[in-house]
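Next come two complexes built around subunit A: one with subunit B, the other with subunit C.
This part shows the complex of A and B:
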């Protein structure tokens, strides 16, 4: 049984569709939710955590409808985007109180301290929330989501306000949790960071899932948008000619650097990525040239999302 | 595309670390013994609410105000008991004692009713000030999201808030009134007072509970709708100060029609208190179901307001 199953989910706000017939099966690992403002990310997260009633369809947590069965939310942890705390509480008291809401009794204090330790917030556990910085508050929010050790974590913009070092720690924590069997659903506008840790990305636009899967898989499905690869080779013209002749690339652009033509940089348009990567070592050996660098230019989450939205709108990016 | 944009790749900096494979089993789903019984899930909500209120100095001011009245009544019972003992058997002794009893505290249903009614003013002020802290802020700052994403039914959230508010009110009404009842009984020559005054005890319990629960339900509805302290205070003033004046004026203008009194929440509470204590009063001369229906309408409207706000968690604007 998958931890999260979403079936024909729709949510309407009057005449506005927040979500439109969304179907997803999510397995343990880190799942990134990507989409512009108004795409339906927050609505999906709120339905997934039992805060909103779907207009149609159902969101199942371990096979149970999360809206109808409150008890199943014990297996969920949610960190909302907003900063809405009880400001007079200390960080520890807040996390402990949230633990009690999840059913922890006398052990809530120990669990709260453990969660604060995991998120690196234990050192300021006694500090009042109103005196905490944005980063500290973010960690406290994460700790309250973790306090009862849930199977599924739903994190809305969990990296906001955290510095670069802190973000690395948080991402490492997500990886640890995923490795321990948790399903971590992360929404973030910091796409590069999501990309670095997610095993699967769900692209949302206008309330619909426009693509879902590993980033490389989704990128590979975009046949109308050949992958752009930057290649720095010792003899670029020779390589370019051979690649065109073999049909592995559909176009070559010489990369300008600093306003001058630099012949050692090529931007290739590659329609069949796997065939290209299989054939390239043989070609390089055959030509007796060296390759210093091979970088995909439009395989990032942002680029893929741009293509997807373009296709969804009925045109190119 | 510039060279700089290619060489600085933040995703590389944030790539998964090799040591991020850790760990112990994190999820708790296999440890139900750590969980509190679901039926008691409302208690942590009440506990959080109580903690939030008792941390504020203004709460203790109102408790002190309520205590002054209680101490006055308590001292008078003590004084009368002492006076009765001193004057026992003396010539003209019973005369002054009866005179004092008529004015101060006689241990009758009327006296206990009047004590609770006199406390209602302090209760009204306390609730007006505490409404935002107890309930309003959950909606205003969206802290509600922390509750609704937890394994709590909405009615459990409501019950938790209701218990917290009712406990605060009963600290000023029901509990001190019970203490006065016990004190009065203990100062008698025998314990017959307790056996002879079962109707009074019923009246104290029923009226105390009605005030505690009824005013709490009203507050939950008003605070959920208005959220800010200033708005709550204004509407509270409208209900408890302005409305009694208006209904009285209309009552007079309408040639003494009692139906107008049914609009006044205070009058309804007073009518109920008389019914509970078995006291004849000229508050309302119509059918007894009319005040009950009017009270039910007030409380029903408050419940509806609260319910509708918890059902609709706003995520889009």
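This part shows the complex of A and C:
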């Protein structure tokens, strides 16, 4: 049984569709939720955590409807995007209280300290939340989501307000949790950071899932947007001519460096990525040239998302 | 069950905000000053104390205002502070969450209302008090105040679950329905909680001559009937609040 199953999910706010026919099966690991403002990420997360009722369809956590079955929320941890707290409580008291609300009882204190340790917030456990910086508050919010060791973590913009070092620590923590078998659903507008920890992405736009799966697979499906590969070769013209002749590339552009044409850098448009990678070593041997660098230019989450949204809107990115 | 019990305790602790206690103390002090002031000029009788202190400023002003403050805060505080999200994601059903929160505010509501009525009886006893032992005087009012507190708290709790600006609606209700409509002739006043509170009060103090000034105009119901009505109102609005809260989506959670 998948930890998260979403079937034909729709959420309407009056006449506006917050989500429309969303179907997803999420397995343990890190899943990135990507989409512009108003795409439906927060609505999806709120439905997944039982805060909102679907207008149609269902959101199942380990096979149980999360809106109707309160007990299943014990297996969920949620860190909301908003910066609201019980301001007069200390960080430790807040996380401990949230643990006790999850049924931890007398062990809540130990669990709270452990969660604060994981999020790097233990050193200011005694500080009142209203006196904490944005980064500290973000860590406290993450700690309350982790305190009861849930199987599924839903994190809405968890890296907001955390400095670069802190963000790296958090991403490492998400990786550790996923490695331990948790399902970590993360939304973030910092796409490179999502990309750094997962290749499993759900792309949302206008309330719909426009693509989901491994990033490379999704990129491979974008037939109208051949992959752009930067190649630095010892004899670029020779290589370019051979690639065009073989039909492995549909276009070649010389890469500019600081306004100058760099003779040894080529940007290739590759329609069939797998065929290209299979054929390239043979071609290089045949031509007797060397390749110093081979870098995809538009396979990042951001680039793929740009293409997807462009297609969804009926145009280019 | 652990979670529910903790939510009950947590809600109780959250209600103990100094600002709220200060408001209750100021209102109590104002009424107590009235007791002291009049006690200097004229000794209190059970009847006069009941009419001019308990029935009027206490039951129709102090009690509704205090229960309004506490009742609308049951859900309203968390909505206003946007902390309801931290409760709604816990493994506690919405209806039992509402129950825990309402019950969590009950000890404070009862503590303030019963404490205040006992305090006023004590102040009266000290300043020109009626010829009745303090405990007997207080005991005469306690069942009425208990039922009234339960009914008002459940009503204002429901109001807080339904409306975002429940405090304003509650204040309008206190003045229009509880105060104004409670004065009109006929059966219309029976939709106000204050009518049944006064009926219980008149029934409890009947032997001391406590009663409506105009029986035919007021048309009271019996004390038992009034008590049953108040308890029914409390249970009814509690169940309504639980149902409402379990069905309602709060989009302004965060």
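The working rule: the second predicted complex is superposed on the first by the 316 of 317 C-alpha atoms of A that agree within 3 Å, B and C clash if a C-alpha of one lies under 4 Å from a C-alpha of the other, contacts with A are read in each partner's own complex, and residues count from 1 in each chain.
Everything that follows uses one rule, which is that contacts are C-beta pairs under 8 Å (C-beta built on N, C-alpha and C of every residue); 3 or more make two chains touch, one makes a residue touch a chain.
The structure displayed is predicted, hence computed values, not measured ones.
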Clash or fit, subunit B versus subunit C on superposed subunit A: clash
If touched residues of subunit A are counted for subunit B and for subunit C, the larger one: B
Partner chain(s) touched by A:182 [first = subunit B, second = subunit C, both, neither]: first
First, second, both or neither for A:52, with subunit B first and subunit C second: both
Touching partner for A:98 - first (subunit B), second (subunit C), both, neither: both
Partner chain(s) touched by A:295 [first = subunit B, second = subunit C, both, neither]: first
Which of subunit B and subunit C A:72 touches, first, second, both or neither: both
Contacts of A:172 with subunit B and subunit C, given as first, second, both or neither: first
Subunit B versus subunit C as contact partner of A:107, first or second or both or neither: first
First (subunit B), second (subunit C), both or neither touched by A:26: neither
Stretch of subunit B, among 5-13, 23-31, 185-193 or 239-247, that runs into subunit C once the two complexes are superposed: 239-247
Doubly contacted subunit A residues - partners subunit C and subunit B: 13, 46, 49-53, 70-74, 76, 78, 80, 82, 84-86, 97-98, 100-105, 144
Residues on subunit C engaged by subunit A in the complex (per definition of touch): 2-3, 6-7, 10, 14, 81-83, 85-94, 249-251, 253-254
Complex contact set, residues of subunit A against subunit C: 13, 46, 49-53, 70-74, 76, 78, 80-82, 84-87, 97-98, 100-105, 144
Parts of subunit B lying in touch with subunit A, wherever the complex brings them together: 1-3, 6, 10-11, 13-17, 20-29, 34-36, 38, 41, 44-45, 47-48, 51-52, 55, 137, 141-143, 145-153, 156, 311, 313, 315-316
Subunit A residues touching subunit B - in the complex, by the definition given at the top: 13, 16, 18, 38, 42-43, 46, 49-53, 70-76, 78, 80, 82, 84-86, 88-89, 93, 97-98, 100-105, 107, 111, 144, 148-151, 154, 164, 167-168, 171-172, 175-177, 179-182, 192-193, 195-197, 230, 255, 257-258, 267, 295, 297, 300
